[in-house]
Amino acid sequence: MLEIGPIFRSLMHTKGRFWLVAGEVALTLAIVANCAMLLVEKRRELQRPTGLDEANILVVGSQAADAAFKDRAYMRASIEEDLRALRAASGVVAATPITQIPLSGSGSSTGRKAKGSELNSIAAPYFVVGRDALAALGVTLVEGRDFIESDYPDPVWEEQNTEVPTTEKPDRENVIVTRHFADKLYPDGDALGKEITNRDATDIDTIVGIVDRMHGSWPMSDVGEDVVLYPGNPGSDRGVRYMVRAEPGSIEDLYTSLDEKLLAINPGRMIDVKTLAEIKADTYSDNVGMQRLLGIVIGMLFVVTSLGIFGLTTFSVTQRRRQIGTRRALGASRLGILRYFLVESWIITGLGLTLGAGLSYALNRVLVGVADAPPMEAGLLALGIVIFWLVGVLAALAPALRSTMVPPVIATRTV
Amino acid sequence: MLKMQNVSKIYRTEHIETHALSDFNLDVAEGDFVSIMGPSGSGKTTLLNTIGLLDTFERGSYLLDGVDVSRLSDRQMSRIRNEKIGFIFQTFNLIPDLNVFDNVDVPLRYRGMPAGARRSAIEQVLDLVGLSSRAKHLPMQLSGGQQQRVAIARAMAGAPRLILADEPTGNLDSAMANEIMDLLDKVNETGTTIVMVTHDPELANRAGRQIHLLDGRLIDLKVDAPRPLYHGSRSAAARPSPAGA
Amino acid sequence: MLAYMTGIAWRSMRRNPWLTLLLVGGIALGIAVSNSFVTVMYIMAGHPIPHKEGSLFYVEMDAWDPQRPWDDEEPEVPPDQLTWMDAMAVLASDIPSHKVVMYRSELTIHPESKDIRPWRADTRMCTSDFFSMFEVPFAHGTGWGRDADKGPEPVVVLSFETNNKLFGGENSVGRTLRLEDREFKIAGVLAPWRPVPKYYDTHNGQFNEIEEIYVPLMWAEPMELWSNGNTSNWKSFDWSQFKNILASEAVWTQAWVETDPSKKEAFMDYLNAYALEQKKLGRYQRPVNNRLLTVRQWLDAEEVVPDEARSMLIIGLLFLGVCSVNLIGILLGKFLARAPEVGVRRALGASRRSVFLQHLLECEMVALIGGAVGLVLCFGSLRLIERLFEMSFRLKLDPLMMTTGLGLALVAGLIAGIYPAWRICRVPPALHLKTQ
């Protein structure tokens, strides 16, 4: 016996009480749902697999301090020495020199399109890597092959060659790309073996290998998962960077010992060692900060609204003491009174949440338009509604229980 | 119908002990129409509250329909209030957010009656009080007399065997008061026991039996023979005021 | 009358201290949250140099690829940096009273003291007018003069922090500092300076700290100092020779001019004439599209305010709304519990209007107290936001933001109080005067 009909009709007559709680619930749901949507989006962004083995990768930066590095031969010899030492170090799986650091927010990009295509070229973020690159990055090759020795240009020739490539005599290289990027240029999925070029086809790259996933320099951008790897000889008179992949468990020791080791080999430079995880955390620090902030706001909203519902329900019960007493006099048991107020609370909360669902979408449209927020997902909204409904019931529980304590004798009091 | 023996209701505060009812004895038979009179503070309302199981008492025994009420749980008392007793309050106590139909419906809902049975009971009783046309109105849209009639309808909807009326005409003018009393007479004719609290001697005289209270004690001045079922009109003959009131 | 009403309100607040505390707390929480986000937005979207809004301009010129615009989605927008050649053309003009060309680089500092290891310092390569145009404050010395630009002379200006790091904060003007393989003379040391946003160059982080050292622009060529900022290019060339970079179509420098509004047109004409000339030399194959952006236009174009700040502003204000609405119930209870007293007052001649105003006044008094408490909490919440986002600049509550906080509190008080005040003023006179 739920008295839904009379409760509903009575709510329609007492607009004030109904609209206050329902309106408050609706508004709060709208805000909570949108905050939750933002939070979920940020969380998803953070938790995407990067394709890299970032838990085990160290990024070593070597900055030249000695003028000797201006001599190319010296510089190259130094890099070779470093790589030998790194690869021989215990606990190291692989090491490679690289021009930019993935996940760091800093990088290089060029323009590429499918060979012969009439479309505009798209952004192609790239890294030039040395030998053993795929192993050092920890990425997974799913089609084609890794780089082989003949893919790498001779560094001396590179340095001395001043010819500018032309369409008759283009610059050709073999490259490895991510699947995400390959699909952009060859949507039919047949990119392996195909060529990609710059606009006037003076640079032609043949895709010899496809990696299933790798995040590039700007993981949160539209081109975050587009990467082209060029085989080459990274390093300049200013310095070089190495990606060093460690065996599981070895990264701690390497982190503390690598800079000394390298400085011992050549002290004419500055070495800094970071983990790729650190670098990623830095790039994502705003993301994490935002998640925490949103979490705090959502938490506060629940607390504030619970208190509000508690307050309004208490007030509403107090206003109706005489009515409660009358009902008891007419034969309602304490349970019956409890049931009445709980059902009333459910109906108000339920209607408020229905209103709130609409308001959530409306607010979402505003945020999408003004602040590029993510569009609302029905599943998340539904979850929010369920949680909120529970919160509403709990908040109204104490006043509802108090209402059962009103004695029937109140009905006959004349004050 | 009900039998009270040596019932005492005591209110205790830090310093004062008030005996609202003192060693009270009362016997009411089925079909009686009893009026309870007395000055302010004599304990009339307390007595009604006690009879109607709205309040508890400290000493004595009270048998309602042969059942000792002191053994009853809250749930059982609620049930009795719902099924056996009908209340008419001085301040009407209609629920302001509900319309007339829903107001009369309240006790029926607690009885767990199915919708169809409730509907016909409500329609019947609204017809009896002459308010069928106002079923959808809210209490604030009705006059005082109409509100009291709704309250009576509500009290009667479940066909209780005992009706307790607390100053049922206290807030009405004399014309309406007479109408209400006529209605109560009609109800009593169907065999329902009525216990009515009033301060108006004229109204009290319309009851078959009068009880006077003073300081929580019973002063029973005149006891008529139990009233037979009755078909003609009746003159409201004035009776002498109770001595010492 | 006002004093009388205030007295009643005050007494009413004191009668039920816990309730008043709850009300104050509710408003305080709402203000702490909403005013924080308002302040963040205010700081991020604030104009860093408002008195120069009409005289300081960022120069943009479109020498980009004839076959494809700089931005596919906004094809009428020119590149946001200049080529070296075009930057030199800006410097060559006499029309603006001040002009600067600059870019960000990295130079190795070799400190004299062996205790400090050499490091690659964040450097701004710029011409001498940089310091006056952007009103950069000095603790010691000054920038270099226009003659030093030409040489270029080996002079350097240190930031406050860099001076602390190298010289313990003493006045190091006149001393030498080795940068790369050359000795530079310290011409000046900046006072602490932190423009928010870093408007003169918003690339690579619009809320970053300023550069560590400042070196005359013309050292770019002799020392082959490449850019550490953004570089974009559409026309291939051989990068291995530095001089090729300077002659290329790669854009990597920034240029600002300062001119009084009457000369702005003349300067635009100069730029347009230059563009037409360059067309004849085979460059500038796109339609002439030179622009002078004010600071405000520049900040808007660069989308300096992050979207999240906008979202949080909206959410913060709505949060305040929720707090206010939540208080309505409490106020209703509080006011209507006093219905008897109000009935008496009405019977004694108080009008509905005065009862309404009385209660509204009480709400606003509570709101003001709540607002003050909220401002105190706001200091804390701004600190929290700084910490959450690892901000390196302070979020300060200036007088305007404090006033805004109190203003928001008054609005919240209004939202919370208007319905309860209306309900209580409708209590009929002497409802409870019956003795029965």
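Order of writing sets the labels: A, B and C. Residues in every chain begin at 1.
Note that in this section contacts are C-beta pairs under 8 Å (C-beta built on N, C-alpha and C of every residue); 3 or more make two chains touch, one makes a residue touch a chain.
Here the structure is a predicted model, which means the values were calculated and not measured.
J.: What chains do chain A and chain B have as common neighbours?
T.: Chains that touch both chain A and chain B, as defined above, do not exist here.
J.: Compare the CA centroid of chain C with every other chain's and tell me the farthest one.
T.: B
J.: Can you name the chain whose C-alpha mean lies closest to the mean of all the C-alpha atoms?
T.: A
J.: Counting contact pairs per chain pair, which pair wins?
T.: Result of the pairwise contact count: A-C comes out on top.
J.: In whole angstrom, how far does the Cα centroid of chain A sit from the Cα centroid of chain B?
T.: Each chain's C-alpha centroid was found; their separation is 71 Å.
J.: What is the distance, in whole Å, between the centres of chain A and chain C, each centre taken as the mean of its C-alpha atoms?
T.: 26
J.: As a quick test, compute the distance in whole Å between the mean CA positions of chain B and chain C.
T.: 76
J.: Multi-chain contacts in chain A: which residues touch at least two other chains?
T.: In chain A, 414 touch at least two other chains.
J.: Okay, in this complex, where on chain A does chain B touch?
T.: Going by the criterion above, the answer is residues 1, 3, 5-6, 9-11, 13-14, 322-323, 326-336, 407-409, 411-412, 414.
J.: Could you please specify the touching residues of chain B with respect to chain A in the complex?
T.: 45, 48-49, 52-55, 74-75, 78-83, 87, 89-91, 93, 95-99, 102, 105-107, 109-112, 138, 154, 166
J.: Using the touch definition up top, name the residues of chain C that touch chain A in the complex.
T.: Going through chain C, the ones touching chain A are 26, 29, 33, 67-68, 72, 106, 108, 110, 117-120, 181, 236-238, 240-241, 306-308, 310-312, 314-315, 318-319, 321-323, 325-330, 332-333, 336, 385, 388-390, 419, 423, 436.
J.: Looking at the complex, which residues from chain A come into contact with chain C?
T.: The touching residues are 16, 20-21, 23-24, 27-28, 30-31, 34-35, 38, 63-65, 67, 120, 159, 162, 164-165, 198-199, 202-203, 238, 270, 285-286, 289-290, 292-293, 297, 300-301, 304-305, 307-308, 311-312, 314-315, 318-319, 363, 366-367, 370-373, 414.
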